[in-house]
Amino acid sequence: MSETVLAPVSAGIDGPSGPKPKRRFSRRNIFVYGTLIIVALYYLLPLYVMIVTSLKGMPEIRLGNIFSPPMEITFEPWVKAWAKACTGLNCDGLSRGFWNSVVITVPSVILSIAIASVNGYALANWRFKGADVFFTILIFGAFIPYQVMIYPIVIILREIGLYGKLPGLVLVHTIFGMPILTLLFRNYFTSIPEELFKAARVDGAGFWGIYFKIMLPMSLPIFVVAMILQITGIWNDFLFGVIYTKPDTYPMTVQLNNIVNSVQGVKEYNVNMAATILTGLVPLIVYFVSGKLFVRGIAAGAVKG
Amino acid sequence: MLTGKAQDGVMTTQERPNQLFRNISAKIAALPMIATALVVFLGGTLWTIFYSFTNSKLLPRLKFVGLDQYERLWTTNRWLISIENLLIYGVLSLIFSLVIGFVLAALLDQKIRFENTFRTILLYPFALSFVVTGLVWQWVLNPDFGIQKVLRDMGWTSLEFDPLYNPEIVIYGILIAGLWQGTGLIMCLMLAGLRGIDEDIWKAARVDGIPMWKTYLFIIIPMMRGVFITTLVIIASGIVRIYDLVVAQTSGGPGIASEVPAKYVYDAMFTKQNLAQGFAGSTMMLLSVLIILIPWAYLEFGGRKRV
Amino acid sequence: MKISKTLLACSSAFALSTAASATDLEVTHWWTSGGEAAAVAEFAKAFNESGNKWIDGAIAGSGGTARPIMISRITGGDPMGATQFNHGRQAEELVEAGLMQDLTELAEKEKWAEIVKPKSLLDSCTLDGKIYCVPVNIHSWQWIWLSHKAYADAGVDVPSNWNEFVASAPALKKAGKVPLAMGNQSWQSKGAFDVLIIAIGGIDLWKKIYIEKDGATARSEGLAKVFAEVSEARKLSEGSNVQDWNLATNMVITGKAGGQIMGDWAQGEFQIAKQVAGKDYTCLPGLGVNEIISTGGDAFYFPKLNDPEKTKAQFKLASVMMSKQAQVAFNLKKGSLPVRGDVDLASANDCMRKGLDILAKGNILPDSNQTFSPDSQGQIEDLMVEFWKDTSITAKDAQERFAKIIDTAE
C-alpha cells in the first residue's frame, strides 16, 4: 500500500478508454477523486445508517442520533427480524419467506429469460411481418404501471385456472419481465456479426440450431445482465407476491412489509433495518459478485445495435 | 441500441428465399411474445379503456356513463396534485438522472484507480427495492432522528430540514431517494456508452486542442445517441410507474402533498372500490405513455428507411 | 429399539389421523397492532379448540393495504376461508355477485337475530333477507384519549371535555408537547372530523349529513362552525410526525402528546402498555360533550369454497366467533364491545364500562361505513387529510368541497 491513490495508472489493454490523465497531482485528479469520494459517501450513507441502526438497542436509538456508531453492539434485532418478529399470529419473522422467495424467483428467472432470449433472437435475426408492431406494443408494456394491470391479470389468470398457484405467479413475472429483457436480447443479437449467421444458414442450420449452436455460446454477458435484472426485480417484487400468493407462500418482501408495518407499541427501527438488510441481501450479493460482468453486459446489450 | 444500424441484418433476412417457411418457425418461437403483447398489454389496455366509460364499482359492470369518470377525474384535487407531482418529479428526475449519471460515468472513465469499488458503491442501491429505499430515506430524513436532529445537535438549532413532513417540498424528499436508487444504473449505461467510443476520437480532439468539456459536449454526446435513447426509455418508464417509493416513504402525505397518479388509480380501484374511476386514471396514464412512445417508435422504425 | 420405533410409528399415525380430521382454514385480516394481534389470537385459540386449524393470514398496513389483496383473491377464484371487512358496505358487491357463503341457516339455528344487539349490526350483514357475515365487535369512533403524564408535566388539570382540551393546549405546547396526536393516514383525519361534528355541531347535524346526505346541511352555518374548529385544531396536531394510528396513540401513552381523537380500539394499546384507565389516562366518549357512540365494527365474511370439508369448517368458525366465550375473550383484548347483549364483561375496565353504559341507554348511531359507499367515504377521506395537513386551505373552501361530495354521495 505504498502507492498513493493518485498514482498514475498504467494503461492496461482491457482498461478504460477515456482521455488520459498524465500529471500526478494535478488539480484535475484532485477534482476527480474528490468528487467521486464525496458522491460515494452520499451513496453509502443510507447503508451505513441501516447497518449501524440494526446493531443498536432501542434505548440507544431513542437517545442518540442515527449516524453515531453503536455504543453496545447487539445482534438481537437481527435474530428477531429473522426468526421472531410477529405479524398477526405468526411470530417467525422473515425466515419462512426466504425459501418461498427462492421457490418463486428461480423458475421465474429461468422461464422469463428463456422466453425473452428467444424473442430477442427472433426479432433480431428472423424478422417477420408485424414484428415491429408487436415489439412496439411490448415496449409500451414496459411503461404500464403494474397497479393498472392487476385487474386484467386477475381475470386472465382466473380464466386459465392459474390464479393463486405458483405457475400463475411465474407467468406474471415472465410477462412483466418480457419488455425490457426482450429489448436487451434483441439489441445484443443484432450486434453479433451477420456473417456468422449467414455461414450457419449455408451449413443448413435452422432456427433452433442457430440459436443453440451459435447464439447461446456467444451470449454469456447479456444472460448475466438479464439474470441480475430479473433476480433483483422478482426478489424485490411486493405487489404480485402479495396478491398472487397465500400466507404459507408469502415471499420475503411481503414478510418485510408485514414486519415493518406491524407496529406493536413502538416502532422498532433496529428490527426494521435488520429485516430490510436481510431482505435485500440476495440481490446485493448478486450485484457485488457480478458487478464487472454487469457493466460489460450492459455495454453489449444496451449500447450497440 | 435502437438505432438504424440494427436493421441491416433485417433487410437481408427478409430477402432470403423460403421466407414463409422460416418465418413460421420464428413466429412459433415468438408466440409467447405475441400473446403477451396482444392479450395482456394490448388487450388489458383496451379492456381498461372500455370499462372506464362505465360506472363499475367493485366488480366490472357494463353500465355506461359516458365521460362522467373523466369529468370527475379532472375536477378532483387529488388527481391534479398527483399530475403536478409527477411532472415535477419527472422533469427533475430526468434532468438529474442524465446529468449526474453522465458526469459520474465521465469521472469513472478517467482511468482512475479503484474504479470497480466506486462503481459498485454507485450501483448497489439499484439492487434494493423501492420499498427498502423508501424506508431508509424516511428514516434518514425523519426530523426527530435523522439529518435535522444531527444538524441541530451540532448547533444549527433553528435549522429546518424535514422534507417529508413539509407539504411544500415533500416531492423533493422523494426525488432524493429516487435518484439515490436509480442513478447508478444510468451511470452504468453511460459508462458503457463512453467505453464504446473510439480512442482515436479523443486523440484527434486533443491534437486539435479542443478543451475536454467541449469534446464531451459537442463530439462525444452526439455519438452516444443510442445510449441516451435507451436511458430515456428506462428513466421515463420508471417515472410513469412511480408508486412503491411514495407508499413506503410518505404514503402520499403529508395530507395529499406527495400523491402520484399510479397511487390514485390503485386507491380508486381498491380502497374506494370505484374501478371505473381508477380505469379513467389508468387511461390518462396510458395516453401519456403513448405520447412518450410515439416519438421513440418513429425514431426506431422510421430510422430504417434511411438505411 | 423396536419398541421405540413402533411407538414412533404409532404416534405419527396418530398425528396423521388428527391432521386428517382437522381442516385448515385461512383467515385474512389486518389486525397487526399489539392489542389487535392479542385479540385475534383468542379467536384462533377458540377455533383450534374446535378441532380445526386457523391459518393466520394477517396483512399489515391497515385495511387499505389488505382489502385489495382480499378482493383480488376472491374475484380471482382463489378465496381464503374467511376474511375481515369493516361492517357495512365494503363487501356489498361481492355478496351480490354470489361469491359469499350464505349463513342464514346457521344464524337461524343459533338465533342470532335475538342475541345480536343492537340489531343494526346484523342488518348490515343482511342482503335480501339472507345473512352473509358475522359481526364480531362494536367499535365506536367518538372518543378522545388523554395522557395524565402530559398534563402533569405541563402543570394543568386533565380536561374533561373538548373545550377544556382546546383551552389547555397552549400550556402543553409550552411544555414541549404536541397537544393533539394525529397520524397521517386519511381515515384518521376523516374519523376525527366526524367526531368533532358530533361534539360541536351536535348529533342531529351528523345525522342530516351522514344519514340523509343533505347537501344544504353540509353548507349550513352549523357545519361552518365545525370547520372553523377543525381549522384551529389542525394547528394543535402539528409536530406529530407519525403515520400509523397506534404510533400516535403511543405518543399519548408516553406523554409526548396530550390527547388523541381515536376510536375505542386505542384501548387495546393502553392495555398492552399496562396503563390503567382513570389513573394513567382518561377517555371521554363524545369528547365529553355529546355522549353517544357509533356502532361500526368488524365483520367476517366467508367466501364460497368448493371443498365441503372447508365449508363445514367455515360454519364452525362463524359459530365460534359468535359464541359467548369467544366474544368475551376477544373483545376484552381488542377494547371493543361485544355484539351479544347477553354476555357479561365482568372484567371490563372503566372505558369499556362507559361504552357499555351508553350502549345500554341506546345512545347509538350507525357508522358512516354503513351509510356511505367506500367511494364517497374515500372522497371525504382525501379531502380531510388534505385539510388537516395543509393549513393553506381555508375552512370555507373545505366546507364547499365537502358539500359537493355530500351532494353526489351514494
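We call the chains A, B and C, going by the order they appear; numbering starts again at 1 in every chain.
Definition applied: a residue touches a chain if its C-beta (ideal position, glycine included) is under 8 Å from a C-beta of that chain, and two chains touch if they have at least 3 such contacts.
Every value quoted in this text rests on a predicted model; they were computed, and no experiment measured them.
This structure's chain pair with the greatest number of C-beta contacts is A-B. Ranking all chains by how far their C-alpha centres lie from the centre of chain A, first place goes to C. Once the centre of each chain is set as its mean CA position, chain A and chain B turn out to be 16 Å apart. Each chain gets one centre point, the mean of its Cα atoms, and the points for chain A and chain C are 39 Å apart.
Residue positions 68, 75 of chain C are each in touch with at least two other chains. Each of the following residues of chain B touches two or more other chains: 266, 269.
Looking at chain A, one finds that residues 150, 257, 260 touch two or more other chains.
By the touch criterion given at the top, residues 64, 67-68, 71, 75, 90, 92-94, 97, 184-186, 241, 243, 373-375, 377-379, 382-383, 385-390, 401 of chain C touch chain B in their complex. Within the complex formed with chain A, the residues of chain B that make contact are 1-3, 5-6, 8-10, 12-14, 16, 22-23, 25-27, 29-30, 32-34, 36-45, 47-48, 60, 104, 106-116, 118-132, 135-137, 139-140, 145-146, 149-150, 153, 180, 184, 188-189, 191-197, 199, 202, 206, 212, 215, 226-227, 230, 233-234, 236-237, 240-241, 243-244, 261-263, 265-266, 269, 275, 282, 285-286, 289-290, 292-293, 296-297, 300-301.
Taken in their complex, chain B has these residues touching chain C: 57-59, 76-78, 142-144, 162, 165, 167, 250-251, 253-257, 266-274, 277. Against chain A, in their complex, chain C makes its touches with residues 26, 28-29, 31-34, 37, 40-41, 44, 54-62, 65, 68-69, 72-73, 75-78, 80, 244, 246-247, 250, 269, 272-273.
Considering their complex, residues 5, 7, 9, 11, 15-21, 28, 32-33, 35-36, 39-40, 42-47, 49-50, 53, 61, 65-67, 115, 118-119, 121-129, 131-132, 134-153, 156, 174-175, 178, 180, 182-183, 186-187, 190, 194, 197-198, 201, 206-208, 232, 236-239, 253, 256-257, 260, 269, 272-273, 276, 279-280, 283-284, 286-288, 291-292, 294-295, 298-299, 301-305 of chain A touch chain B.
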